[in-house]
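Here it is, the structure in full.
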Amino acid sequence: MTEALLEAKQLSKRFGGLLAVNDVSLSLYKDQLHAVIGPNGAGKTTLTHLLSGDLPATSGELWLKGQAVTGWPHHRLSLQGLGRSYQKTNVFLPLTVWENLMLAAQAKDALAPFNPLSWLGRADSKPSVVARAERALVLAGLSASKNSAAAILSHGIQRQLEIAMVLATEPVVLLLDEPLAGMGAAEAQTMVELLHTLKKDHALLLVEHDMDAVFALADVLTVMVNGTVIASGTPEAIRSDAQVQAAYLGEATA
Amino acid sequence: MDLANFFIQLLNSVQYGLLLFLLAAGLTLIFGIMGVVNLAHGAFYMLGAYMAYALTAAWGNLALAIAAGTLLSVVFGWLLEKILFRHFYHRSHLDQVLLTFGLIYIFEELRSMLWGDDVHNVAVPALLDWSIQLTDTLSYPAYRLFMLAMCSALALALWFMISKTKLGMKIRAGAFNSDMAQSLGINIVRLHSLVFAMGVALAALSGMLISPLSSVYPHMGAQVLIMCFVVVVIGGIGSVRGALTAALLVGLVDTFGKVLLPQFASMLVYVLMALVLLYKPEGLFKQ
Amino acid sequence: MSNTLLEVRGLNTYYGASHVLRNLDFQVERGQAVGLMGRNGMGKSTLLKSIMGLVKPRSGRIAFQGAPIHGQTPYAIAKQGMAYVPEGRGIFGNLSVHENLVMAERAGVRGQQDWTYQRVLDTFPRLGERLSHGGQQLSGGEQQMLSIGRALMTNPDVLLLDEATEGLAPLIALEIWRICALVAKSGISTVIVDKNWQHVTQITQHNVILVKGEAVFQGSSQQLLSQPDIMNQHLGV
Amino acid sequence: MSTPQGHLETLPRSVQLLMGLGLIALLSFPFVGQDFYIQMVTRMMILAIFAMSLDLLQGITGLVSLGHAAYFGFAGYVLAFLSPADAPASWFITLPLAILTSALLALLIGFFVVRTQGIYFIMVTMAFAQMVYFLFFDNKELGGSDGLYINVRPAGWGLDFENKQVLYFFTLACLVLTYAFLRRLLWSPFGRTLNGIRLNEHRTQALGYNSFNYKLTAFTLAGALAGMAGYLWAAQSGYVNPELMGFHMSAHAIMMVILGGMGNVAGALIGAFGFELFLHFFKDLPKVGEFDLGKHWQLWMGTDCAGGHHCTPRFDGLVAPQRCGP
């Protein structure tokens, strides 16, 4: 088995009396989509925050590309290739789609801020940055709305921009938090196809409620309830697992 | 710095700290609950002092002046909130800075038109116009003791109201989650008026109480406002407990700083603030 | 006096561009328990928030005890006998358990004082053990009990309960269901939002299923249970 | 069409025309105006540089600093200390030094204030500026409350600032250079990232930018530019006092930037001239009966500033930047 691109070991997060994430271990491998499902408040989104560095873990370790990165701030992890999208659309609304992507694309090899050259050079002069933004634009299918402001886009296209911005940073690991939330059937279908193509040479973590998408895409499925992992394995094994049925899928309980 | 002198400085620092608390408590509550930064908060302190001067000159009785002045400032605070501040709760901090900065200009000018620009003294009432002989050389003015007692009583009353009464619980709940508090039937609009009026009254009252000691001069509001900000920043926005602790701390550092390191005295308080910012950018008691 | 306590007619609510509630009709009879179900993002919470006045609907009418309340402030609506237990429970972290309860204490619209501080503690013994603890030091289940207990302290006529047992361990969830049944029987009309339709239908007489902001099913629990295809299509996997 | 406050760097044609005309007017003014007015316009240009330096923080990075005058006044004091009693200091040594020292001061203070957010930032920038104010106000060796005099204005390389026209053109050159530099910065990777921090700092960090370093750099750069303006003010007036770093000076800068429209540098420049004209207009109001309107200029200024925003919520400033083109 190739070495895991991202590995979480016994991650926990406590908010006062509430144990939001309880001793979760998880590995993401290249060319593989690992889906995490579970009821609201099961700690899925908190888990993505712990993995991405948005929130510091109370305990546990994080390894990225074989390097210990526990406690690294968000921007450092992002530069190391750990990209993430957000459940609630979190883009630069007043800027156009292209400007959003350019800002994402220039992060990878940006000069240090106190370097005077970064004050004077033109942002869109670097071919490598423009190419990176262009690739993300095409991959996410946003060419049509390249010059319109993010604020006036439909909800579905804003979600596509959310993903495109992550792609523009050329990450190795992608954490996707409910990319299909609030999407119509057609938009959801294009997003599922996009996620499918992304599987190649990326490691994907998908937090999602849309079961059709999850079972269509997932190579590994983890079920979380109350902050703890109650089952993890292939989608088929999970679907028939009695405990999962009881806790999450709503069949008659004991 | 023999014992007696130390004791006097300690009393002065507690008295100054409690005075700052009365000012900062209003500011931190107004911000904690309504999210409004009020640069003109120092002006209420100044207006209070000038009212004490004017009313004492007219009636010859400071106690009466303070009572009437407090009532006036409650009404003034209530109206100011209703007419002006209510529309700024959801506006950006920049809009609030602009509004309150405009108010500073207006209050300074009104004060200058009403009471002129020169310094005035407020006579200490005869009842308190004596000193306690501590040692053969040192004595402590009775009015400062009265000031200490009044400020302690006010601080205690405010602390008790906030932490023990049902009203205090509603105020703290409104600060934590305004929507939820409303969903339980709490009239958040009236609560805002009340808290704002209380903040203005406390600031005016501290101005009135200090006027005999500090006398009354044009830009007294601006200087004390900065100290208020330092206290609120150190204490943590919205926390009355934080404001009390921070006020006493600043009182100590400032008073003893002036005695021990005169030329750097005014710097010490800011160094203290810088350290707190480094250690806890959200303030010591942030909720 | 008509038996309808809460009546919603033609309600339309928008969040920015997305049309969350589409021309929705909904009512609660006096003393009735109504189940409100549907997958995530279908508008359940938005409906409760619109009733509570926390979200301003674009059009439509909401009447409570005969009088229109749409457009009123949440505290005015609450004062008329409405109580709300939000998703996420809305506990005041800077207040103790005791203070969270006491600050909401108030007689009902008709002066009734059925739910006193003592009765709430008897109903939720666990809260009695944690009175001095800060609101944020409670576990999920305890926060849910405190939130419900606090709502009862206002002696409401209608209790809106959003995500009653979401994210709670099965044992705790059973305890919450027992309390919901007890509240429903005590004469307070309740609207319960939850995914676990088996428990909801055991307590409620009437149920509504929302899909994309529209009511695709309105009927009694028996009618719902007798149509498993509706449940699988809109609620199940 | 992106919403106004989004796309900052493209100025509408009308504003570009206004700037061109303004430059021609400023170039030809000394040959037309009398000495007093030359000094007045020089002061306006200096304040325009000061306002543009604040716009880098407030309009572009979204940081509302209520203590920006600290660096303005500090540079003035540096010139005062470096000026010999009876000979002109050489400006090509003292100007860079003044800019460098105010940049260092901004770096030192910025290190503490930049880690705070929102309202804390407003309060601590104000508090630290007052610290610098009292440092000079309370210490006799540093000039105390009376301040310091610069007996002979700087000179060097054939330029003598005693000559009002020379200082006028020198200031105009600084104004144009600062404007060009900041306009160019808007297009740079650094400028685009500052813009991202203003709009959504959380997402900017998620993309891989260390926003603390960016904000600290912007704070230091703004301090340096404010220092240049402060140096020119001291050179022009020949006198410095603590008021130059006082609260009112910082607040004036904020009002200039808001009046002109934030985030595109041109707004701050126009706002500075507009604000000064407003101030002079209010101060020169005639006496109506025995009630001297001019004397109470603070009242009108305050009402305008408080009211201005109250009744015109959609007031984006004189230069509300739109995107021209698609």
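Lettered A, B, C and D in written order, each chain numbered from 1.
Throughout what follows, a residue touches a chain if its C-beta (ideal position, glycine included) is under 8 Å from a C-beta of that chain, and two chains touch if they have at least 3 such contacts.
In this text the structure is predicted, and so the values were computed from the model without any measurement.
Participant: Which chains lie in contact with each of subunit A and subunit B?
Facilitator: C, D
Participant: What is the chain whose Cα centroid lies farthest from the Cα centroid of subunit B?
Facilitator: Ranked by distance of C-alpha centres from subunit B, the top chain is A.
Participant: Quick one: report the Å distance separating subunit C from subunit D, using the average Cα coordinate of each chain.
Facilitator: Their C-alpha centroids are separated by 55 Å.
Participant: Can you work out the whole-Å distance between the CA centroids of subunit B and subunit C?
Facilitator: Between these chains, centre-to-centre, one finds 43 Å.
Participant: Where the CA atoms of subunit B average out and where those of subunit D average out, how many Å apart are those spots?
Facilitator: Each chain reduced to its C-alpha mean, subunit B and subunit D end up 32 Å apart.
Participant: Indicate the residues of subunit B shared as contacts by at least two other chains.
Facilitator: Not one residue of subunit B touches more than one other chain, so the list is empty.
Participant: Hunt down the residues of subunit A that sit against at least two other chains at once, touch-wise.
Facilitator: In subunit A, no residue touches two or more other chains.
Participant: Touching at least two other chains at once: which residues of subunit C meet that condition?
Facilitator: 93
Participant: Looking at which chains touch which, would you call it a line, ring, star, complete or other?
Facilitator: ring
Participant: Could you list each pair of chains that touch, in label order?
Facilitator: Pairs of chains that touch one another: A-C, A-D, B-C, B-D.
Participant: Which of the residues in subunit A end up touching subunit C in this complex?
Facilitator: Per the touch definition, subunit A meets subunit C at residues 15-18, 39-42, 154-155, 181-182, 209, 211, 225-226, 246-247, 249-250, 252-254.
Participant: Going by the contact rule at the top, pick out the subunit C residues touching subunit B in the complex.
Facilitator: It comes out as residues 52, 54, 73-75, 78-79, 83-84, 86, 90, 92-95, 99-100, 102-106, 150-151, 154.
Participant: Which part of subunit A faces subunit D closely enough to touch in the complex?
Facilitator: Those in contact with subunit D are residues 52, 54, 73-76, 78-79, 84, 86, 90-96, 99, 102-104, 106-108, 110-114, 118-123, 147, 149, 151, 165, 169.
Participant: Where on subunit B is subunit C touching in the complex?
Facilitator: 166, 169-170, 172-173, 175-177, 179-189, 287
Participant: Would you pull the subunit B residues touching subunit D in the complex into a rising list?
Facilitator: 31, 35, 37, 84, 87, 91, 93-95, 97-106, 108-110, 112-113, 222, 226, 229-230, 232-233, 237, 263, 265-267, 270, 273-274, 277-278, 281-283
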